[in-house]
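The structure is given below, and queries will be raised subsequently.
When the chains are written out, they are named A, B, C, D, E and F in that same order, and each has its own residue count from 1.
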Amino acid sequence: MKSFLYPIINPPFFTWVRPESGKGSKVHEWIQPITALTDPEESKNAEVVILGVPLSRSSISASGASEFPEAFRRSWRSFTTYNLDEEIDLSEMTVLDAGDVPMHVTDISKCHTNIITASGALHHHFQHSKICAIGGDHSITAMMVKGMHLKNPDEKIGILQIDTHFDLRDMSDNGPSNGTPMRNLIESGVVEGSNMYNIGLHGFFNTKDLKQYADDKGVNYFTLRAARKKGIEATVLQCLEELSSKVDTIYLTVDMDVLDIAYAPGVPASTPGGMTTEELLEGVLAAGRHPKVKAMDIVCLDPLRDTLVQPTVKLGTHVFLTFLTGVMLRQSASK
Amino acid sequence: MKSFLYPIINPPFFTWVRPESGKGSKVHEWIQPITALTDPEESKNAEVVILGVPLSRSSISASGASEFPEAFRRSWRSFTTYNLDEEIDLSEMTVLDAGDVPMHVTDISKCHTNIITASGALHHHFQHSKICAIGGDHSITAMMVKGMHLKNPDEKIGILQIDTHFDLRDMSDNGPSNGTPMRNLIESGVVEGSNMYNIGLHGFFNTKDLKQYADDKGVNYFTLRAARKKGIEATVLQCLEELSSKVDTIYLTVDMDVLDIAYAPGVPASTPGGMTTEELLEGVLAAGRHPKVKAMDIVCLDPLRDTLVQPTVKLGTHVFLTFLTGVMLRQSASK
Amino acid sequence: MKSFLYPIINPPFFTWVRPESGKGSKVHEWIQPITALTDPEESKNAEVVILGVPLSRSSISASGASEFPEAFRRSWRSFTTYNLDEEIDLSEMTVLDAGDVPMHVTDISKCHTNIITASGALHHHFQHSKICAIGGDHSITAMMVKGMHLKNPDEKIGILQIDTHFDLRDMSDNGPSNGTPMRNLIESGVVEGSNMYNIGLHGFFNTKDLKQYADDKGVNYFTLRAARKKGIEATVLQCLEELSSKVDTIYLTVDMDVLDIAYAPGVPASTPGGMTTEELLEGVLAAGRHPKVKAMDIVCLDPLRDTLVQPTVKLGTHVFLTFLTGVMLRQSASK
Amino acid sequence: MKSFLYPIINPPFFTWVRPESGKGSKVHEWIQPITALTDPEESKNAEVVILGVPLSRSSISASGASEFPEAFRRSWRSFTTYNLDEEIDLSEMTVLDAGDVPMHVTDISKCHTNIITASGALHHHFQHSKICAIGGDHSITAMMVKGMHLKNPDEKIGILQIDTHFDLRDMSDNGPSNGTPMRNLIESGVVEGSNMYNIGLHGFFNTKDLKQYADDKGVNYFTLRAARKKGIEATVLQCLEELSSKVDTIYLTVDMDVLDIAYAPGVPASTPGGMTTEELLEGVLAAGRHPKVKAMDIVCLDPLRDTLVQPTVKLGTHVFLTFLTGVMLRQSASK
Amino acid sequence: MKSFLYPIINPPFFTWVRPESGKGSKVHEWIQPITALTDPEESKNAEVVILGVPLSRSSISASGASEFPEAFRRSWRSFTTYNLDEEIDLSEMTVLDAGDVPMHVTDISKCHTNIITASGALHHHFQHSKICAIGGDHSITAMMVKGMHLKNPDEKIGILQIDTHFDLRDMSDNGPSNGTPMRNLIESGVVEGSNMYNIGLHGFFNTKDLKQYADDKGVNYFTLRAARKKGIEATVLQCLEELSSKVDTIYLTVDMDVLDIAYAPGVPASTPGGMTTEELLEGVLAAGRHPKVKAMDIVCLDPLRDTLVQPTVKLGTHVFLTFLTGVMLRQSASK
Amino acid sequence: MKSFLYPIINPPFFTWVRPESGKGSKVHEWIQPITALTDPEESKNAEVVILGVPLSRSSISASGASEFPEAFRRSWRSFTTYNLDEEIDLSEMTVLDAGDVPMHVTDISKCHTNIITASGALHHHFQHSKICAIGGDHSITAMMVKGMHLKNPDEKIGILQIDTHFDLRDMSDNGPSNGTPMRNLIESGVVEGSNMYNIGLHGFFNTKDLKQYADDKGVNYFTLRAARKKGIEATVLQCLEELSSKVDTIYLTVDMDVLDIAYAPGVPASTPGGMTTEELLEGVLAAGRHPKVKAMDIVCLDPLRDTLVQPTVKLGTHVFLTFLTGVMLRQSASK
């Protein structure tokens, strides 16, 4: 018994069981997996579609980010669907969980191709839905965007990247690793450097060469310090405004290593001096509200490295729900 | 859409999704949840039925043993169904997961009543199946046995207890806590003291009064040191032989605190100087092979206290699979 | 040899030994346990009385908050009595440690009754002292306030609650758990909804139904975002001002889950996006300075879940000392 | 208010409070601190006297073993006084806790002198009691034995050492560190090399030079492998028999690093391939039964390095109670 | 300045600095890195050559075993060169550290080819040395053996595998992962199934299909239970005897997941019910003594998952030193 | 083969190996150890010289801060030399690692003397370099400053201290521990109280007596709250301005316990309510830019207490690199 997405996308490993006594108010009681019972046509109405991308063997340093899609789904039980700050209930939207991209153990290139295919298939089928990829390491972003590009090659794509790093490393060194997605997209012609906006660079975690490359390609960036001075929300809004005058679609990528290590122990490359949780959520909310942001991802969160109470996993899920809040606020506003 | 056991038993919180590409060889691909789709009559053929009993607020010291049923189910993925030592494949047996006993947050007495009811219902419906309760703290044993007794009050029940403690505390002090199940059963007339056999007592974890009570009631016990001298398997076999001459049915209860703390960090009351993993598995296998052992439980394992790689949770699951191995060996032998 | 509070209140489990060489400057050398040697009359002069309330089996999710009273007392050794920011020495005040409310292992209702009785006894005996309850989970707040109400039923009580949650769940579901204290007080007529002020709600941790209930009952609340915009101190001051025009006595309850999970790993329900330590201390100091704040509690801190260096336990103690600083500043000011 | 031992020995940092409702059955309800109320004469009847020796700044590698005396006292609550294996109740003996040797922060030599003085004072006052020192690192053993020697210089002292190391390092390199106690005693003429018996050496944790020194001085030793082949108990008995034909008094020193690292995570120098808990307890019990064993210590256990459930601290306490069991068995036998 | 092995093998990431005051007695003061200063000819006299193989992105489950070569070198400081049990000093042998195989981030196939090349180069250059590979995951074993085979294709190779698993998975599923090395060698014709001996299989960690494949190919195996009954050393000796009658060279591979999870928390796939440390060391010592054992590896140890005191890393190093002890005992015996 | 600093300073324990393929962009590929090959004269041009000071047995509470110099060097690999915020590349400066001060295990006084000697030697040889001491506990600061003073007794030294504590304890109590360095310098006449500026005091971690002493000696201090109100950078600038009008040279000492415990789990005395990472880095950058700041240290960071991903160690290194950034900005500005 196979869903209409199989074998391009595998179903999630496990599913939450609905309470027999009726509908609940928790996230795990709301988000629906796509199964053999899901009606393909009806599914197109979903406001949001989740795709698990459990790949991290392409990470430069050892990473268990491949475990995040499952940890993400498990953490749903700790969240309600109601956002008190904005007084909205996310459960008024339909959110589907498409499952996970199938991966190969030793052929990373095949894994990347599978992601492109899955992304393309989702963007093709769910033309009006936001596609949210749950990584995985940052190499997946290039593939998700390529899949999006495949669907409609004429649409210009811009990227809003929240990240400690440029991720502009040279692919000729070590292939499409998690240090390369932005360069990958530039070199493959999928996104122009000038349509990339990076917020959060700081400290001693990038090289001069990469900055030079960024400047050469016209990549836009705001160090964390600069963004803080202006305000994170204001910075995001400025990026979105500039982007929306230049591109048709915006892809938001959140590399969790942008966070200060005190807030994100479960990120292999987390660093001191990064964003606070409050700042990140503020930025993501603003991005979620923008109508041109059609897809997003959350990457580089390694649940195996998280501390006992799983603060980083919970925070990853909070980032996702905050993005959805933005989406819903936009919808309400545009009605 | 509710199973035939509802509302006496809730479905498990989550279910593993079968691989779309066909049947696998892992435990999570084999054990079936009882759902609305389960045929009540057909289900009676199950060799084994699992019942989650997520109660630990009745524990003397703070315990998260209520989280074990879920952690137990999650760990299935780390185990195959094939036991190489015995060259048998457990998947030839049918094992059903009935789900969890519904619990109340602040009325422990109601929780206990619910367990009795659920146990009775299972023993009534699954007359030829082994009923395996996954605790929860040790207070649940008295309830599981009472439920078993309800079904057929004329059947004499004996208990094989693997434990660091007597669990014979006076209920008038603090009610039916995890320190009392054996006394509870004696005082309620459900099991006679002389039909109880305890293996594993050691160290400085019991009081003189309790030993006196045990002696007064004719409870049989082997300290860990005595059992080691004779051999754990031999000791278990002797207990089973004595028991089977006196009772109709034997209930095996495994309190994970019997293990040395080096093997079981995730047990709130674990102690130095306890059993090794090898010894416990040897004992449980012998018990599983005995035809009169009709029910069992695994208690006092707290996943919240376990270390990163979850050795205690994995060990709890291993105990369960080892019991099943015994059951299957018996079946093969008796064919 | 029993104290005048026995058996309503048990002595603390352990006491710090005074240095033989004279008086020290640490908190554990200052706070005095109430023992058989304590003179009941003289004790009435104490500015502050501590009551341990080691109950957490009433918590919805598994919690070891029952261990906090002991961990709290142990942490005293890490703190001096001198507050440099305010240039005051707390040791000029008399602070007594009354010990712990006796608890029952399996009868939660009896535990709750014992808390009411103990609270009543303290408020009766120590009419001029601030009563500080050290939880335990949040269910104890309803009981502490009921005990206070018993003493003088004509006095109107208001509540200042610092919390991530409403704690207004329906008691008919699961009894007086840690999700219900505010509703418990409303429904029992002890505190009016309009005399409740909640600061700190945020994220996806409350349901729409509960907000509706809060609105229906006139409960006042400030989300964390709203409080931050206004300033935490200013928000607290506004709440206190409104409250003091309406009630005779104010009870401050600090649910440690209000903190961001990065600051409070040792809180079972801690969440991303919560208060910082600085914000919480600022709010508590302001509350401590208000003359109508006669009692307070600190709840839902689970030392068993804390990380190695026990940051959450230390923070819980810091909250307490900060409250005392407020009390002493008030006294100095009013002299 | 000062005890008769002050200022040679400080009282313990904290004391357990007796249950108001009468005598309990736990270790913390049994062992009595020596306070100002203790009658010096009466105290002489104590079978056992405990001395905390919180010194570990003399350790070669960084160590928090100075925290063990306090952690040891805290762990008492997890143990009853009744040993079921031997069917004896330790509470029939009187055990006093003398408190801790005063230490200096930066003058290690003064710390060592203080230990000698305290040991001498105890051996002088408690002539019929077993003196149990709770370390601290292994440098304290030389000082405890020197103090014992001071009291009666004509008494010949032998040592039974359970240890992974020789502890025969050259003091001219780095002074009396935890690597030197045995050499210290040989070179100071307090104990002859031929009256030292070491059990437990193994692996790659000693140098050839030290073995040469041991051989030169006639130190007796059994590698763990050799001891296992013969049996740990039998080896201990042989050592004791040889020793008792040569010396008047035997001092037992247990360096917890003798344990396999799986059993003793909380020992800075713990190693793979060491003793099991069962083996150590077996050896200590045998030593405790010998009438010439008049003093003992437990050293090199660092509670700050222990894992969450504190298996090593619990094991240290178990070693102590097992020694006491031996003592009591001897007394019963000799009556 | 490059060593004669460059660029086939990279130098180690870091080197220990010799004490200025002369030669020490610790392992890190003894083992020499191969650098630009190393004389190629002279180096051929080394008894043992170490090769780091930092690859674990080929592991089925997320693994940081790629970090073991570095952690292994760091742990040297905790070990002396002197083995007291055998009274031999390893420092009489010359042991060289060749450095690490260069790896590619996203091309696993290239990593595998690099390992084959490096292994071949070492076996070619160091014809009389034992080659010890420090993994990395188990996929590297196939590559190390292939490299060995390249050097002398006419030499028959046998394998002694100490492992919880068969590692005979079908490569057509997921390529040459850590589940496949033995099948890889059979299918590539490098080693015959009947020249493979596996010790340590147990529990529920293999499938029936793999056992069938093993039987079909004539792979020899002893479950842990069977090996224990016969004795681990005796089992190893029997395997070596059988092997040496059939092959020219024996390769020993130690998959650390053979250990019980209590002894090896830092192994992603570690399981309950495995070998003890003592058993593993006994087996490795016996293997080291056999003259036909010319190469070995230690795999699947993930330092990122190890607990605080790094018991698994230390144990991995102990396995290596124990192997060397066997080698040296053999040399001494054959002189 | 000994460096020109030996035996006053030992070489570092280990050194990073340069990539054979050319120069890299990471910190460990840039900073050079001083070895036998280092030319003494040429070395004088170094802008910065690092000195490891691995002493923490002088710490009041048990500390493994002695392990920080090594952990610090290991963490270099996680940092690039390029600071994006300031667009400068640190690798344009020469930074030498002199190695570690030799320490004695049991003679703390000798350790302190060795530090004075080493500091003096460095200040003598490297007259134009910034000397950065990597502690160790805070007692080392007094010794580093005394060594600096030795070199040029006529130069007036001022201190900028970032700290939670005064560190003005009376040395007559416990000698020159980590609680005393500032008093040590005052009493020895090396630095006048009025030339000391402390930023960061807060909470309940100092005594009234110490404040009194500070006031008596004219020590300048800003509580964290006061500094926050003014701005951390502004406060630092004010201190530096005042200092530079009064002294010739300024020594910056950063006690990592100034940080909030959420940011610095690996500091034994860390407390709630401290500085954020952002604030500390801001302050250190400002200090680094001041031309009179000639030396600095980072103390009281205990890697053994840090959490898994080592956030505190990384932060310590970040503090160092931030100081260097300030130095380089100054140089660029003054060119």
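Assume contacts are C-beta pairs under 8 Å (C-beta built on N, C-alpha and C of every residue); 3 or more make two chains touch, one makes a residue touch a chain.
Please read these numbers as outputs of a predicted model, since none were measured by experiment.
*Asks:* Which chains sit in contact with both members of the pair subunit B and subunit C?
*Replies:* Chains that touch both subunit B and subunit C, as defined above, are A, D.
*Asks:* Have a look at where subunit D meets subunit E and say same if over half of the interface residue numbers show up on both copies, different if under half do.
*Replies:* Under half of the interface numbering overlaps between copies: different.
*Asks:* Quick one: how far do you have to rotate subunit A to sit on subunit E, C-alpha fit, nearest 5 degrees?
*Replies:* It is a rotation of 180 degrees, to the nearest 5.
*Asks:* Would you mind checking which chain's C-alpha centre is most distant from the centre of subunit E?
*Replies:* Farthest by centroid: C.
*Asks:* Comparing A-B against B-D, which pair counts more contacting C-beta pairs?
*Replies:* Most C-beta pairs in contact, of the two: B-D.
*Asks:* So the centre of each chain is just the mean of its C-alpha atoms; given that, what is the distance between subunit C and subunit F in Å?
*Replies:* It comes to 40 Å between the two C-alpha centres.
*Asks:* For subunit B and subunit F, what's the span in angstrom between their mean Cα positions?
*Replies:* 58
*Asks:* Pull out every residue in subunit F that's touching 2 or more other chains.
*Replies:* Where subunit F meets two or more other chains at a single residue, that happens at 262, 305, 307.
*Asks:* For this structure, enumerate the chain pairs that meet the touch criterion.
*Replies:* A-B, A-C, A-E, A-F, B-C, B-D, B-E, C-D, C-F, D-E, D-F, E-F
*Asks:* Show me the residue ranges of subunit E that touch subunit A in the complex, using the header's touch definition.
*Replies:* Its residues touching subunit A are 56-60, 62-64, 66-67, 104-109, 139, 174-177, 304-305.
*Asks:* Which residues of subunit E touch subunit B in their complex?
*Replies:* Per the touch definition, subunit E meets subunit B at residues 201-209, 211, 223-225, 260-262, 265, 268, 270-273, 305, 307.
*Asks:* Which positions of subunit F touch subunit E when the two form their complex?
*Replies:* 1-3, 6-7, 10-17, 20-21, 33, 77
*Asks:* Per the contact definition, I'd like the list of subunit B residues that touch subunit E in the complex.
*Replies:* 25, 27, 78-85, 87, 89-90, 262-263, 277-278, 281, 307-309, 311, 314-315, 318, 321
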